[in-house]
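You will see subunit A twice below: alongside subunit B first, and alongside subunit C after that.
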Partner chain A sequence: MCWHCQSEVTGEYLCGRCIKVQPLSKDLDYFTCMKLPRRLNIDLTQLETTFYELSRAFHPDFFSQKDETEKSISLGNSALLNTAYRTLKDPIRRAEYLVRLEAGAAKDIRANPPADLFEEILELQEDLEEFDALSPESDQERMEALRTKLEEDRRTLEQRLAQLDAALFRKFDEWDALQETEVVTDDIQTKKQRILQELREILSNRTYVRNILADVVQRLS
Partner chain B sequence: MARIVGIDLGTTNSLIAYMDGDRPRIIPGPQGQRKLPSIVAFTDNGPIVGEPAKAYFARDPSSTVYSVKRFMGKSLADVTEELKYFPYRLHEKNGVIRIEIGNKAYSPPQISAMILKELKRWAEEFFKEEITKAVITVPAYFNDSQRQATKDAGLIAGLDVVRIVNEPTAASLAYGLQEKTQGIIAVYDLGGGTFDISLLKLKDGIFEVLATNGNTHLGGDDIDQRITDVLLKDIQAQTGFKVDDHVDFLQTVRLEAERVKVRLSDELRTTARIELPEGHGVFTREWTREELETLVSDLIDKTLAPCRLALEDAGLHATEIDEVILVGGSTRMPLVQRKVEELFEKRPHCELNPDEVVALGAAVQAGILSGTTKDMLLLDVTPLSLGIETMGGVMSTLIRRNTTIPTSAKEMFTTYVDGQTSVDIHILQGERELARDNRSLARFQLKVPPLPAGVPRIEVTFLIDANGILHVTAQDIRTGQAQSIQVKPSHGLTDEEVETMIRESFQFAAEDIKARQLIEARNEANAIIRATEKALARGGELVATEEQITIRKALDDLRRVVQTDDHRAIRTKISEVENLTHHLAEVLMDATLKEALESKKLSEVL
Partner chain C sequence: MAYSEKVIDHYNNPRNMGSFKKDEPDVGTGIVGAPECGDVMKLQIKVRDNTIVDAKFKTFGCGSAIASSSLATEWLKGKTLEEANQIKNTDIVQELNLPPVKIHCSVLAEDAIKAALNDYKKKAGLQREDTQEGTMASTSSS
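Moving on to the complex of A and B:
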């Protein structure tokens, strides 16, 4: 119902009767907002087109002469639209959002390193600590040795990150294929849940690797 | 509907523009001038702004304020670096700098308001109507406090600031309108006191800012200072003249430094020439462009790191930039143009006057806001990350830099102790890990109902509007009740202070118009008396004795009438003196030209 004229017949963004701007629903998900199917591979050109089109409909610049209610609706809609665009444009944010949307929020920041990297990362942490404690004057030799080792770790981590990304994008395709199926059987539901679980696992490993990589890069620079 | 004007409130100069149909144009001042020096002088007859203030500057620097933009939204601690360049006496009150002039103190927004009021007056004379709404530009890298201070300056000047626009993006609007550019563009904006780089995507009338970066302590002023330092050292070495004891003289050297810089943009060599006070003679020094470039090369290099960061944030490589636009007077330096070309591997554009393009863009944005300019839309970003202080003094980021605005972020707060009734929240802006290394924007206290620890749930929404200014609201999730929040800015005028300043400013405006006209007529008369005396001293002998006597008599008349309260009589005498001195001015001009030509020949021979 239109907030202004109480008319039931509201248009998509503007009331069909009094043409006042309508607030976007708080429950509107970003995919629907951007007129996109809930897939992980999306058409970025279409995303941009829709973003520009909706910006033209909602941006506060076009409401500066309107009353306070309309101004505030335009502000709220624009803020939501900008967040939706930013989230969907980046594949990692998009995946994180989809997992949250489909499987609910979960604290993704893990306290422990991924199982297959456990030993290496433990050693790396020790190296980083030692590196911080060294002084450039007296421990030059040891520092150089550690630096070489850290450079190597850096390459390993970068490789690992690339592997995780590749794995992630394979899951994108798997998810999208399941979304294509017309009849949703129990079997498909189970598969979807499994993919979401795997996505979450990959994403959190990725965050962990990326953070520690950033630490290493910072020490080396 | 009320007209909206566009204003470029610059460090060195300020300009005002409007949309004439579909083209932005500069609004000239009463004498046809296209820019207003951002200088305010506090004379015995009240404040004066612009060229007259610049003239007053060399006479009484301690009552003259310039580059006030460098102090907007800052505390004393923020400007320790700056202070060695400025002869001001400053103190701080409620986190805001106050500049002491005589026995009064002014906040930077108040001084800026005087500049804005003068521009407002230009527009009102031009349109013969009251002007109440404006778009004002700020450096893209301005933080929340600096933006708020600019908005306050508008309010104090009696202007409703309908939008704060970033300078480089404003420039892109002017360029986009005129050149119909599409693709990825970089706007490199080196002004008097600030540097900005903005990367934009232009497509079908949408101007989407991809990333912005900058340095709010870097500009032409710093280049002038380098030259000044060299000049001062050489003056002392060459003539033994102690500069430290002559604050007024320092400003003379500064002005000559600026002229040397400007001349070396067109010429390969030039001579700095300074008359020393108290009969110490004349100091001259040769400058080559090469020497200047070596002297300031590291300053220009400082602009390259922000460019690289912006590229990184936008996920772009320098070669992916389709066009580079230069904005700001300092980009006239050939060295700047070379460095920009090296970085982006393409020749930068400077078709539009780099001094005027920002004001023109502000007018375009004014046109968009008033609905007369259709099809164009600017989607800008927030330049700095916004966050809150968490346990252990760490900043937790809520909104990342280069996020398209408007944007909002929500954060849930609860209590740690049973019966706790409030939560202190400290809002920060910046890119550093630790809270204390970032800019403190504001603090506020969240009211919480007394309940067991962890039970209250208060959701706080941080919203950055299209001006890049923060708004905070809170809601109790359990009761659904909204909570009004009193945010105390760390470095801003309080609402009450702004209101008082607006009242004071209106009182000043509401003063009898006659009194104001009288002040203006007197100022003009005094300026003309000084100028004429100087002219007579320099070249009196170039005209006939009778002519000299007539001029002197008219000057005496003018001096007498200045003491009266009749502004019309003063004006009449002013034009009399003006008419009588036309010939003298011409003769002097010829002599100066001849001198200049001769000295040029001399330098060519050498």
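Moving on to the complex of A and C:
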């Protein structure tokens, strides 16, 4: 219902009768907002087109002469739109968002903690601490040895990150294939849950690897 | 966002930073991580006669995560295993005045305590290996 004239809203973003801008629902998910199916591989051109189209429709500049309610609706819609665009544009954030969205109320798709990875990270952090504590004058030899080791670690981490990304994008395809099926059976539901769990795990491992890699790179530069 | 004075104090003067040899029979080790931010926390306890006589931590993460684990080690010392198990993340939140966005740091500290306790109990034969308790946090493989 239109907040202004109380009539049924027929237009998409503007009331058909009084032509007042309508607020986007707080419950609107980003995929629906951007007129995209809930897939992990998305049409980026379509995303951009919708983003520009809606940005024009809601841009606060066009509402500077309107009353306070309309101004605030335009601001709110623009903010939602920007967040939706930024989230969907980046494949990692898109995947994280989809996992959160699909998990819904039971948002506990918890990743199993990768114990081996933690051990590696702690060891690497200890190397980094040692590296920081060395002085270029008196510990030159040790410093060079450690630097060589860290360069090696850096390559290993970069490879691992690439592998995680590849694994992640394979899951994108698996998820999308399931989204295409017309009839959602229990079997498909189970498969979807499994993929969400796998996505959650890859994404969380990726965060740990990316963090430690960034730390290593920062020390070496 | 500003950190509370207590967080800054723990961050600048972390208590009990360091580690024990994890294969010692009287040491329990918990290593946990927060998938949202990539923080990793290691917390260790040294136990004698059912009482925690010493505790150490190493945390790689934000100030709140460091402060939460630093505080946890302070609290753990002198507690029995049962008392240690009673420490809740909300106690840490309250003590450090953590803002809502940093509550997961205190959860991480509670998970680390539980994981360390479980690791010790397993070693000491106080608990069966297949127990479901504390599966959320990783118990370090010893």
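The rule we apply is simple: the second predicted complex is superposed on the first by the 201 of 221 C-alpha atoms of A that agree within 3 Å, B and C clash if a C-alpha of one lies under 4 Å from a C-alpha of the other, contacts with A are read in each partner's own complex, and residues count from 1 in each chain.
One rule holds in what follows: a contact is a pair of C-beta atoms (placed from the backbone, for glycine too) under 8 Å apart; a residue touches a chain by one contact, two chains touch by 3 or more.
Everything numeric in this text was worked out from a predicted model, so none of it was measured.
Of the two partner chains, subunit B is the only one touched by A:52; subunit C is not.
More residues of subunit A lie in contact with C than with the other chain of the pair subunit B and subunit C. In the superposition on chain A, contact of A:82 is made with subunit B only, not with subunit C. Of the two partner chains placed around the shared chain by superposition, subunit B is the only one that A:61 touches, whereas subunit C remains out of contact.
Listing the residues of subunit B that touch subunit A in their complex gives 1, 162-163, 203-204, 206, 208, 365, 368-371, 377-379, 403-408, 463, 465-466. Per the touch definition, subunit A reaches subunit B in the complex via residues 52, 55-56, 59-62, 64-65, 75-76, 78-79, 82-83, 85-86.
Subunit A contributes residues 110-116, 118-119, 121-122, 125-126, 200, 203-204, 207-208, 210-212, 215 to its touches with subunit C in the complex. The touching residues of subunit C, when paired with subunit A in their complex, are 31-33, 35-40, 42, 58, 60, 136-141.
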